[in-house]
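By written order: A, B, C and D. Residues from 1 in each chain.
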Amino acid sequence: MDKIIFLIQSDDRKGLLATISQYFYSRNYNILHCQQHSDTQEKRYYMRLELDLKDLQTTRKQLQDEFSEFASKLGLTWECHFTDYRTNVAIMVSKTSHTLFDLLSRHHEGDLNCEIPLIISNHPDLEHIADQFRIPFYYLPITKGKKEEQEAQVRALLKQHHIDLVVLARYMQILTPVFVDEWYGKIINIHHAFLPAFQGANPYRRAYERGVKMIGATAHYASEDLDQGPIIEQDVVRVNHELTPEGLRKVGKDVERQVLSRAVQAHLEHRIIIYNNKTVVFNAEH
Amino acid sequence: MDKIIFLIQSDDRKGLLATISQYFYSRNYNILHCQQHSDTQEKRYYMRLELDLKDLQTTRKQLQDEFSEFASKLGLTWECHFTDYRTNVAIMVSKTSHTLFDLLSRHHEGDLNCEIPLIISNHPDLEHIADQFRIPFYYLPITKGKKEEQEAQVRALLKQHHIDLVVLARYMQILTPVFVDEWYGKIINIHHAFLPAFQGANPYRRAYERGVKMIGATAHYASEDLDQGPIIEQDVVRVNHELTPEGLRKVGKDVERQVLSRAVQAHLEHRIIIYNNKTVVFNAEH
Amino acid sequence: MDKIIFLIQSDDRKGLLATISQYFYSRNYNILHCQQHSDTQEKRYYMRLELDLKDLQTTRKQLQDEFSEFASKLGLTWECHFTDYRTNVAIMVSKTSHTLFDLLSRHHEGDLNCEIPLIISNHPDLEHIADQFRIPFYYLPITKGKKEEQEAQVRALLKQHHIDLVVLARYMQILTPVFVDEWYGKIINIHHAFLPAFQGANPYRRAYERGVKMIGATAHYASEDLDQGPIIEQDVVRVNHELTPEGLRKVGKDVERQVLSRAVQAHLEHRIIIYNNKTVVFNAEH
Amino acid sequence: MDKIIFLIQSDDRKGLLATISQYFYSRNYNILHCQQHSDTQEKRYYMRLELDLKDLQTTRKQLQDEFSEFASKLGLTWECHFTDYRTNVAIMVSKTSHTLFDLLSRHHEGDLNCEIPLIISNHPDLEHIADQFRIPFYYLPITKGKKEEQEAQVRALLKQHHIDLVVLARYMQILTPVFVDEWYGKIINIHHAFLPAFQGANPYRRAYERGVKMIGATAHYASEDLDQGPIIEQDVVRVNHELTPEGLRKVGKDVERQVLSRAVQAHLEHRIIIYNNKTVVFNAEH
């Protein structure tokens, strides 16, 4: 069943639920699902609404224009998505393949509602996987001091392919602030540690040295400050003294895979609202 | 902050959210929190509403009488709770003490919003724990063939103490159908297995014999059929070949404690709706 | 580093560790790792030894012949494996692809120490995945009343390809007792439920109907009785009232993937000993 | 069954297992359980041996003197424990009661093999809990600039009561380096975060601000550097945007309880070896 999804946020105050639900009900929309959150600390209100696309009696533009008027009176910030549109996702990788493989197989399984028109890498190593799944692979190496040039190429490709979301599936390069700002809320990165523990390089080695009893992974939106963006999803796995840094790396692969794919899925299902460098992630329904 | 909580269920149809939220908004209530669930299989709608008790401008009876009228027009089944009322809980035990201890210390910690006016047991063994927490302890043994008589005493005590909820904290007796029916939805039992696996007696022994790699616990509302009532909460813990049945029993204690206390907490916070021998358990907010 | 792995079991008695470790030490083997388990209920002793393959001064046959003599005096049951040998694995599937995909990508990632010379199916649907990974695909349909004939073909293929392990990756057919007996301890099946709960058909539908709060998966060696063989690995995932049977199926895919791949990995790393329809699964080291 | 437990560590080299197990076997000891770990990075060997106390044919002193001679030849570092000795544990608290309650009820349940002769606090608030469990309570406040004086009193009490282990059950004071050094490996602290994330003060507040999706707790041996000592046990619990810092604190209580009690239990069962600011924690058997 196709749906219209509204993601709404505003300052919290009386009557928002009644007013907004009344708005749609009076226009004859069936509200299939409504999730809310009131942040009592920040006095902020968040809402996710699912309407039945079959109830749409106007053009999509008209729906949005009218809601826009209503929203501006109430001071709502909002997005509107239609589930029959398939989000265009670009995956960026370096040499490590497990999260790439995982995303591609889930996509192939029909569990990620998106198109993946291209894979971009600063190394040629994973081209054979792109081939295996018949997805165009762009090898854009970074020459010393010429990162901006490479990024210009990357950004041109993203534009050309109408990309909505970039997934950094263990892309081992720091993006420039210009890129990150332009794409804020549209780049998901996986960090192979339980942030804010072990930010930066070599988290498994450092986890080994600290002797932790669990290791984790964190998916977050990229922001200017490395590993500091809004966290979408985290998970951990129990480890013990028997594991070397290499062993931790192996065991960690499964957590990385799961955490990244859950975060991408939440984004594709329009279940995430960003505010104040944090995320509201509404539960999935199936 | 004290709250009014409505638990509502009905057949699913268009406009329920708008109509109900409008009902309260127009009477000047602030909806602090609203959670819903549409069961698309059963075509059933479930809702939990939190209102601010300070917004109450009528008597409590008036609020309920008026809502009752509204609800009967819409065909809603509903309950209304006020969080400044402390639920009266009776705990029933036999000889095993860990879940009793856990409930009493959480209560003492202020994490269970209830009174515990009495503990009832068919064995005298745990009286000292009741003493330690200064809770009256009633020892009501079961003589062969005279379970009805003992239950009559139990039920008299429950009535006399205005009990709202009975928690069977490893009470090793099967209640009679009459008792269970009268108290349907008001008796929570803990079974020391991951139901429907290992229903009935000796679940740890049977888990050992089957060689399972995880053991669990299940909290459910008591129903006529043993271990078949609506499940509220379950959890598991990883085990391995090294554990004897006695070892499983020890390891299982923590899961039993957690599962039972989470289920009791969900009930006390009015987050559970029963329908069709299943439960909708809404998330806690804190 | 390549290793010699001994899996040993016997009746428990004094001195086994000292005697066996002395045996190898006196022959100048370095014991890299030694894991044991004494089952005090069954009075049974289990041991897993890792030796450094570089210490081997004889032929492999000679090592085994000599140990065989020593073992028969002590009444040990044993197996000996060399990690430079790559186990031959056949995967059997029907129409569901997620566990197949997972096994193939882990294999491609280098995380499963085996060869996968063929995939066998009773349906043609998944041939394209086999193609994608360039693994020969055998489509052997089952005509009514002719299962024995199909199985004869399957068993001929297994023989021809020197298969050591068969993985039933959601192969939706019950194997005949003859096949299962011949291959006892060499067929791993994944059941999409937390056994012994929901044995048999449609576990997700039945989990939905029972209203469980977690669903699971179980990997076990196939035995004559359906879903009754020695359990190797289990895991669960938390679910709630929002999930339909179809939603449970989707959520369950990740658990199935993980449980099956962990079980296969334990088998390939020679960490499993079967006794009395149960398994000892020694921890992995990395 | 009572046992003799040896904890051994040394540089790793060939033959340690054979030599040590032979040592005990030739003296007619039954090795009930033997666990080992070879740290291939540090080239370090760790071993835990359980012998049957009934096999002891000498005095305990003689056993240790003789082993001492053997060990010094091999360069082993070791400890020897007898499970019929009950470790003396002092618990130190401030105002928070949940971990205290948990330790005392587990002790009362018979799940912690120790005596608890006293509870020490820098605040008077929790005396009633000590009373409830009939354990002497010492209120030793800290006057500004006089921490050394208070610690002198604490240390005198520990000596007087023959304390073997100090458990800091949310004792909100930093111990002086002198104290910590003297008691190295004998003070277990619980930190209410997943270290090394959120070291220092107010971890729940900071977890809230960072927007993490899981919170955790860490039990570690106290060391001179705050929250930097050898980690014994960690665990986490899933949280989401709905939780305030106060909500995180509530949800975190269960993890703190479990992590601290598991760490204390591992220490009491002599399953921990410290080396290089890290721990080897051998599995429990039951």
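Basically, contacts are C-beta pairs under 8 Å (C-beta built on N, C-alpha and C of every residue); 3 or more make two chains touch, one makes a residue touch a chain.
Fair warning: this is a prediction, and the values are worked out from it, not measured in the lab.
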Most distant chain from subunit C, judged by the mean position of its C-alpha atoms: B
Pair joined by more contacting C-beta pairs (B-C or C-D): B-C
Separation of mean Cα positions, subunit D and subunit C [Å, integer]: 38
Subunit B and subunit C: spacing of chain centres that average the CA atoms, whole Å: 41
Junction residues of subunit A - those touching two or more other chains: 242, 244
Residues on subunit B engaged by subunit D in the complex (per definition of touch): 97-98, 101-102, 105, 108-109, 111, 132-133, 242-244, 246-248, 250-251, 253-254, 258, 283, 285-286
Residues of subunit C defined as touching subunit D within the complex: 14-15, 17-19, 21-22, 24-26, 30-34, 36, 38
List of subunit A residues in touch with subunit D within their complex: 37, 39-41, 46, 194-198, 208, 210-214, 216, 230-236, 240-242, 244-245, 277-281
